[in-house]
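Each of the next two complexes has chain A plus one other chain: chain B in the first, chain C in the second.
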Partner chain A sequence: MTQLRNVAVVGFAQAPIVAHDPHRMANEMLYPVVREALAQCGVERDAIDYQTAGSADYIDGRPFGFVAALDVMGTWPPRQDSHLEMDAAFAAHYAWIRMQAGECDTAMVVGYGKVSEGQPERVLNLQLDPYYLAPLGLGPLSTAALQASAYMARSGATDADFAACAARNRAAAARNPHAQVRDPAPAAALQQTPWAVEPLRQGYVAPVGESAVCLILAAEGRAEAMCRAPAWIHGVDQRAELQSLGARDLSRSASATLAAEKALAMAGLGSAADVDLVELSAATPAEEMILRESLRLPAQGDGRPAINPSGGAIAGNPIMMTGLIRLGEAFRQLSGGAGEAAVPNARRAIAHAAQGHCLQQNLWFVLGRERRWS
Partner chain B sequence: MKRPVAVVGVGQTKHSARRAEVNIAGLVREAVDRALLDAGLEHGDIDAVVIGKAPDMLEGVMQPEQFLIGAIGGHLKPVVRIHTAGSVGATTALAGVTHVASGLFDRVLVIAFEKQSEGNAMWALSPNMPFMPPLVAGAGGYFAPYVRAYIARSGAPAHIGPMTAANARANAGRNEYAHLTEPMTVEDVLESPVLWDPIRYLETCPSSDGAVAMVLASAEQAKKGPRTPAWVKGGASYAEAMWVPGRDQVNPLAGRTCAKHVYDQAGITDPWNQIDTAEIYVPFAWFEAMWLENLGFRPLGEGWKAVERGDVKMGAHLPINPSGGVLCTNPIGASGMLRLAEAALQVMGRAGAHQVEGAKTALGHAYGGGAQYFAMWVVGSEL
Partner chain C sequence: MSAPGAVEPMYQEQVMEFPYKHSTGETVGRFLAGLKEQQTIWGHRVAGQGVVVPPMGYSEIDGRGGGEWVAVKDTGVITAAAIVHHPIARLHPFEQPFAFVLVRLDGADTALAHVVRDDLGKVKVGARVQADWKPDGERVGSVRDIAAFRVVG
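Right after this comes the complex of A and B.
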């Protein structure tokens, strides 16, 4: 194994997740967030060596949507840049790799997109294999429902279990000022909500949401000056798997399991039970339970580690940003910025990002308040 | 870079207007299989995959890498998808370089593709910006004013673009993978219709179906391979904002900055004399003269003179685009990586009938957006 550098999250700003901001374009939503993240770090734009973004043209409804963000990101004079057509958390991972290569010491990572301008069930249909799957008319909700069914069949989980999971997330979200769904509801009430797509009820999944996020990363030597309490990256890994819904066991996520093992091993942890909190990009209760299994944590229940103290993706799921928000939430927890949602004495956290249908690609960050490598 | 990175395998498809006999996955797989075969490796030997393509609207598939995971051998591997407009193929390869240089990955597969026959490039390249009148004129309509500005500034005569176009076609005739290979004269180009003043039909890149892949490796792994590798001497990708007052679209600062960064890494102080051949991104013929200046090969205002003297032809001082370049082959998302891959083939001495004799140092270059994104590498035959 190569010698790794200590890299930390040192700043994070986020527009509150809302159903729809009719007055601002994506880049207008992004601008104040970029400024806020820089201000948190007490630096101007010149202090950032490298910039990267995560977004998707089809969310923007136009080609080259990301070009508009260049101005907002302060791309003058010209900056070292790449854009990933992925959840912005993957851009953060790539920025971390660049730091390991010695190509930069500081990085700005932004995520944006207004999925609310379109119909996600139709737009994200186009993410499926265009020859075999997309013509079936499936969208992310219907494929998630297939996965939820597969999970129920294997594990014996019930509608009541899903309701309990959603209720826990919503209760947590009530303490998170950035969450979209902030009204707690008892499991029994959620179980009365209509089917979104059976076996997923409307109360179990986040409505469409939009936001804009900016996260700042810095390597050891720079991070300490930019942040009073940086969240150091101890381990990270991401894996993809085949899309074909018939070629994989939808009740599990092989890619999430493998990536979690690798990230925990890099962090020097024996198990996910050694962390204080976990932030999951789980858009449905079934996804949460599958991801808990990937971490070898019990499928249900709360306690230590706390699962989704922010309310998770079930309380706000702005596509292409959901994963980066998880990383930002983990940073808030470790740096003392989580407010009412704070997990007491949080010293280690896990943040997860996913993209594609049915948890096709998964990324895990393991973070801690102490530096990992000496 | 923390440690040296080498190109150990290159594969590309035959490019044409319509590869009707393969679907998107089949097209991509063709390039991937050739790159792995070239490197003497199998999918199991690859630690990570980096894939790039231009706007998803070209094929109408959102994030197509998701359905291509099987075709690219990405199952249970880290997979990264890059999109930086026309420069994407080059940025993708450079992201692969970063992966290897980090020490975290020893062998990385990089892939770029476009199957433009699945859609309509003019539509897909006509962004509808909020609060702006839609141009709906594709990339040619967007770049024609920049070309006019270059001509006005430099006083270049009207035959420069046509000379570049005719030379590119002569080069493509020696490239077995090129899309457009029929020879044409400067007169043929001048007689072709004007599409976007002053850009003529025969000074315009085609829409191609095609893919390219490379295997990048650490020095230790590269030395095990069957090939003499191409060593990455320097590489970088830069972007600049769109709406900066005074931004120079004819000679963009991002391009100059990127070139300087790459030359500094590669120890190049005099690119005109230290680089043996260059594959540069020329989708419309006039950009060759423009980029000769932007890349520091020729002084400001004199790029066109090198074209006129024939300095950029095969066998001359600095052969530009020996493969025929983007003017003859343009699977847009792959076009940038093709430039980098062709540069690598040149310094490996494996460019076939379009080999530049004795090429030891080569530049591969791409640009994109509204001349805002730049990505390039310098490769060499020696570590």
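Right after this comes the complex of A and C.
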């Protein structure tokens, strides 16, 4: 690896994750968090070299909707901009790459989407191929349930294990003011909730949620001036795998495993056990267990590293933002802003993002309080 | 309570409709023609991946093309199952509970996504299933020319 630049997360703001914000349009949800993230960094938007967004027009029902969001982020003076139809965490990776290329020193990354105004199972059916999968009516909840069944068959995990996993996340979410589901529930109670799509119960998956988030990245030299305790990116990698559900081993995630190995190696870490906390974009207990295995951590249970001290995606899963929120939560933990959810003495963290059905594409960030390269 | 000066929420309804007519291409087209005309399920034997059903026309594993068409059976084994207890109108194929399944057909090395309508209590990974075909004249060249799979053991 040639010389890499130190790049850090220096600011993060998010709107509360809610089932439906009836008072504001997507742009209106985004505006205050953009202002807040800039204010955290003590800069105005002319200090930002590059901006990028993660959103999907289908989610908002506003084709080319990202164009309208540009004015909130900044279009004057004319600036560098890009847009990904992916979770905004992938846009953050893109910004990191542009910084490594020397094209910018600061970047704004936003994610937004008013999923409540449409029908997510129908909308995300369109992510599947139009010949073999979409005509059957598959949506993300159904494909996640297929993956959960494959994981149960391979690992022997039970409904009670899923309930315990969901209960752990909900208990953590009760300490996180930004989570959507903040009422803890014992595993036994969650196990009584109706099926969402069997083998997943309604208590194991987040309700529909929407939010707007803004994260600021800065390279060494700028980061220190914008943040008292930047969260430096030590390693990052993303990998994709087959779209065909039936050609993959759904009980595992080969792309998550390889990307985690690469990101940890870039960070100079021997294993994921060397970090203090992990934030996973696991929308179901099965996804959490598969991702833990990808990190070579036990599939279930507590311990170190802490898994999802925020409550994770099971307690709030706003499409297009869930991954960027994981990165933001890691920043909060490392910079001392996690409040009651703080993991004591957290010095290193892992943040994960996923895209597509059944963890088709996975992105890992490894972060630390110290600068990595010099 | 709303903030001072805030308006009560109002809504504007919008239904967007953009019809498309997708070419089924060479590979998907041949597979769908097999369903429509012959009640035959075609797989594609490709290097590095075995017999791929439904076919992609190349190996998803190593990208090599070529290969031969082979007919696989309409019986197989469930490799993943998801039971939909509350079907969604105008998305799901049935109004009554049904199951999504991945089925590795006999003679295939990958699994076909499909549905099971009956005996949902028997739907589980490892169960054997058989295709129920739509009758002659009702098949149109769609993956749903197989009406559903039925658990047979």
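Note that in this section the second predicted complex is superposed on the first by the 374 of 374 C-alpha atoms of A that agree within 3 Å, B and C clash if a C-alpha of one lies under 4 Å from a C-alpha of the other, contacts with A are read in each partner's own complex, and residues count from 1 in each chain.
Throughout what follows, a contact is a pair of C-beta atoms (placed from the backbone, for glycine too) under 8 Å apart; a residue touches a chain by one contact, two chains touch by 3 or more.
On a predicted model such as this, the values are computed, not experimentally measured, just so you know.
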**Message:** One more residue to check, A:303. First (chain B), second (chain C), both or neither?
**Reply:** neither
**Item:** Partner chain(s) touched by A:153 [first = chain B, second = chain C, both, neither]
**Value:** second
**Asked** When the two structures are overlaid on chain A, which partner does A:198 contact: first (chain B), second (chain C), both, or neither?
**Response** second
**Request:** Could you say whether A:81 touches chain B, chain C, both of them, or neither, answering first, second, both or neither?
**Result:** first
**Message:** Just to be sure I read the superposition right, which of the two partners does A:270 touch: chain B = first, chain C = second, or both, or neither?
**Reply:** neither
**Prompt:** Touch check for A:124: first (chain B), second (chain C), both, or neither?
**Reply:** first
**Request:** Report for A:344: first if it touches chain B alone, second if chain C alone, otherwise both or neither.
**Result:** neither
**Message:** A:246 in the overlay: touching chain B, chain C, both, or neither? Say first, second, both or neither.
**Reply:** second
**Asked** According to the contact criterion defined above, which of chain B and chain C contacts more residues of chain A?
**Response** B
**Message:** Applying the document's definition of touch, where does A:101 land relative to chain B and chain C: first, second, both, or neither?
**Reply:** first
**Item:** On chain A, positions contacted by chain B and by chain C
**Value:** 63, 130-131, 133, 242, 244, 247
**Touching residues on chain A, where the partner in the complex is chain C** = 22-23, 61, 63, 119, 121-122, 125, 130-133, 135-139, 142-143, 145-150, 152-153, 194-195, 197-199, 242, 244-247, 250
**Item:** Touch list for chain B against partner chain A, complex
**Value:** 1-2, 23-24, 54-57, 59-64, 66-67, 69-70, 74-85, 91, 94-95, 98-99, 101-104, 124-130, 236-244, 247, 252-254, 257-258, 261, 369-370, 372-374
**Request:** Over in the complex, which chain C residues touch chain A? Could you list them?
**Result:** 2, 6, 9, 14, 16, 20, 22, 24, 28, 32, 49, 52-54, 56, 60, 79-86, 88, 90-93, 100-104, 110-115, 124-126, 142-144
**Request:** Using the touch rule from the top, collect the residues of chain A that touch chain B in their complex.
**Result:** 2-3, 25, 51, 56-58, 62-68, 70-71, 74-86, 90, 94, 97-98, 100-103, 123-124, 126-131, 133-134, 237-244, 247, 254-255, 258, 355-357, 360-361
